[in-house]
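Listed next: structures, encoded as structure tokens.
One chain, chain A, appears in both complexes that follow, with chain B as partner in the first and chain C in the second.
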Partner chain A sequence: MIEYLVFAAVFGLLLLGIHRKVIARIQIRPGPPIWQEILHALKFSFKSTWVPKTASSALFVAVVLVGIGIWSAALFVVLAGESILILFAIYMLHKIVEHGYGLSSGSPYGKFGGVRSVISAASEIPLFVTIAAIYLFTGSLILRDITAYQDIHGPLLLIAPPVALAMYIVILSKMPYGPFSIVESKELVSGYKTEHFGAWRAGLAVTDGLKTFVLLYAFVAIFIGAVPFWAALIIMTAVLISLSFVCAVTPMLSPFDSVTVQGIITGLMLIYAGCLWWVMS
Partner chain B sequence: MPDIGGSDLFVLAFGDILHYFNPYTATLFLLALLFTGLVIASRPERQLDIAFGGDAYYAKMTTVSEMRFRRFMAIACGLASMGAMASGDIFNFTLFVSLVGITNVGIVSAVRIRHVLNAAYEYGIVAMVATLPLFGGAALILGTTGTLSIQALAAGGFAVPLVGKALLALGVIGEGMAPFYAAKAEMFRAPGAPYVIMCSLSSLLIFLRVVEIVITI
Partner chain C sequence: MKQKTVTCGLAASVIAIVAACAALAAALIPPWVAAAVLVAAFPVLVLSLGLWWRAPGGEEDIPFIGY
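Right, the complex of A and B next:
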């Protein structure tokens, strides 16, 4: 199983490198090489590592391990075709981990990054709408059943495009350098990551790699269905490049605007799910 | 029974009152257990704050008596969250949820900072008001179907009223700070990271559990 984890983390970091490269080229900059994020993770692994004097030591270290743990669990949930409700839960619990990264250090920059993560909790609700709508169509939340449904009826991307759009926005809200990346904006240095350096930062990079891989792979499995693994990787890359375009041409919103826009999107998605339930029941 | 959180891994029956784990609730339970362990093992951080208009900064200290009280409340909150994750009975679930609401108020109300106390007071009112739809929803389901066993309701044959489910969800949303009360950043930036995180974790966990219950029954 360890080979899956290593592959997912490395490929996820490669995707984040492609993300940076695409954004840079759209903005007429050369940008870093696409393997830059992998190099970052390796570099931080060998940097000197300690815990800040002001930090809550046990929590400061534990949240890094929890972050890696929950996204490793999410990877196996997706690969095993288990309940996407678990994926939803892990996605929401990532907020708690971000909050933990920020608050445990005692740094004001980390703290505000963590607080911004919690106050933008509305960005998770479209994922709930996605799950509710998928249940209305397929009658199950087990990924195997959803894939089997698509084998018969065709991809959910064509059956329910707004549901796919809702999950696309959810993934967008987790992408770095995007319109909703208020947790890592530059006025907070590196946001909730500010005080985690050395091996801890390498751990955060692994978490980011796993998270990116899992979310994009889940998007392909849920909305396109069973495809060969190599095809899934190509589609994931294509989805990521489309996200990079959105991030490149959209300025980062202020925290207030970010929460407002996410709230409006959430409201629209809830209305859509309500209409869907009304029509299908 | 609709397959929402995966097949049952463990069932403990006390008459018609069940406690059960499926992969979904087991995941949530383990996270509650893990963070409760962290609350016990961690000491609060020394939070630094900036004095605006100059270069000065100051450290917020958590006193030992405050730490003890908040740690007790956070452990109680973790235990209540675990109970809410494992319970297969809607009444027990509502009791654990209301306990989460009370302990959340306790965790933040021990902080001797005015804006945190104000936010805790407001949240306390919201949590108290939310007990009405919470228990009202459970009562409505019991009155209509004659049972509060989640597995019995999920097995079919009962017309669970939609308004009952809606009231239950509304009650949980009111009892937990996350995701909707999370806009009150005053509470989430209070010093004492392990305890504040337990507030947000527990309220998120009960929200995630009620999603499963509402879809299942």
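Right, the complex of A and C next:
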């Protein structure tokens, strides 16, 4: 089972490298090689590492462990076809972990990143609408049941495109260099990641790799259905490239605008789910 | 962090992961138990490995806290 974790982390980092490359090419820059994020993770492992004097040592280290741990758990939940409620609970935990990264460091940049992580919680609300709408169609929140439903009725992507769009936006809000990436925007240096350097940053890179893999794999499983693993990897890459296009051509929103846009999307999704419930009941 | 502590963490995580994978292969434990062990041990393995082979460190510092 360790091979799943290692593969997911490495492939997730490769996807993030492709993300950077696609953005760079759209912006007419050469961009880094696609394996740059993997090299970053390895490079940070060899760097000098200590805990800053201003940091809360226990929290500073613990959040890195928790970050890797929760996305490892999420990977097993998705691979086992278990409840997507667990997956989304883990997604919510990640918000707390981001907050912990920022607050534990003692750096104002990290703290601002952590605070922005809290105010951008609006990006998670479409998740609840996604869950509700999926349940209205499939009558279950177990991933195995959802894929079984799609075997009979076809992909949920075609049956309920707005639901897929809502989850797409949730994933977009977690992509680096995107319109909603206010938690690690450049005026905050690296946001909540600023003071986690060396081996800590390598741990963060592994977390990011796992998170990217899990979210994209879950998207494929929930909205496309059961496909061979190699096909899932290809579809994940295609979805990622579409996300990269969005990130490349949209400016990073200010924190206020980011929350406003996400709030509007959530409102529209709630109306859709309400109409769906009214029609189906 | 002391090198001895890091080495202990690295050894403990490797032993836990190898034991869980072996026990799962021998059908001694259900998959969810092996997954639980991995979820706990994998983060320790990643961090310990990084801290174990890191370059010699400097002294603790105070982050830049603004002008």
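Basically, the second predicted complex is superposed on the first by the 281 of 281 C-alpha atoms of A that agree within 3 Å, B and C clash if a C-alpha of one lies under 4 Å from a C-alpha of the other, contacts with A are read in each partner's own complex, and residues count from 1 in each chain.
Quick note on the criterion: a residue touches a chain if its C-beta (ideal position, glycine included) is under 8 Å from a C-beta of that chain, and two chains touch if they have at least 3 such contacts.
Owing to the predicted nature of the structure, the values given are computational and were not obtained by experimental measurement.
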With the two complexes superposed on chain A, say which partner A:L172 touches: chain B (first), chain C (second), both, or neither.
-> neither
So, does A:V206 touch the first partner chain B, the second partner chain C, both, or neither?
-> second
Looking at the overlay, what does A:M1 touch: chain B (first), chain C (second), both, or neither?
-> second
So which one touches more of the residues on chain A, chain B or chain C?
-> B
Which of the two partners, first being chain B and second being chain C, lies in contact with A:G106: first, second, both, or neither?
-> both
Which of the two partners, first being chain B and second being chain C, lies in contact with A:S72: first, second, both, or neither?
-> second
Does the superposition put A:A160 against chain B (first), chain C (second), both, or neither?
-> neither
Given the touch rule stated above, what does A:K47 touch, chain B (first), chain C (second), both, or neither?
-> second
Check whether A:A218 is in contact with chain B, with chain C, with both or with neither, and answer first, second, both or neither.
-> neither
Across the two complexes, find the residues of chain A that touch chain B and also touch chain C.
-> 53-54, 66, 73, 105-108
Contacting residues of chain B [partner chain A, same complex] = 2-6, 23-24, 27-28, 31, 34-35, 38, 41-50, 57, 59, 178-180, 182-183, 185, 188-189, 193-194, 196-197, 200-201, 204, 207-208, 211-212, 215
Where on chain A does chain B make contact in their complex?
-> 53-60, 62, 66, 70, 73, 77, 82-83, 85-86, 88-90, 92-93, 95-96, 99-100, 103-108, 111-112, 114-115, 118-119, 121-122, 124-125, 128, 132, 135, 139-142, 145, 259
Interfacial residue positions of chain A with respect to chain C in the complex = 1-2, 5, 44-54, 61, 64-69, 72-73, 76, 80, 105-110, 194-195, 198-200, 202-203, 206
In the complex, the residues of chain C that touch chain A are 1, 17, 20-21, 24, 31-32, 34-35, 38-40, 42-44, 46-47, 49-51, 53-66
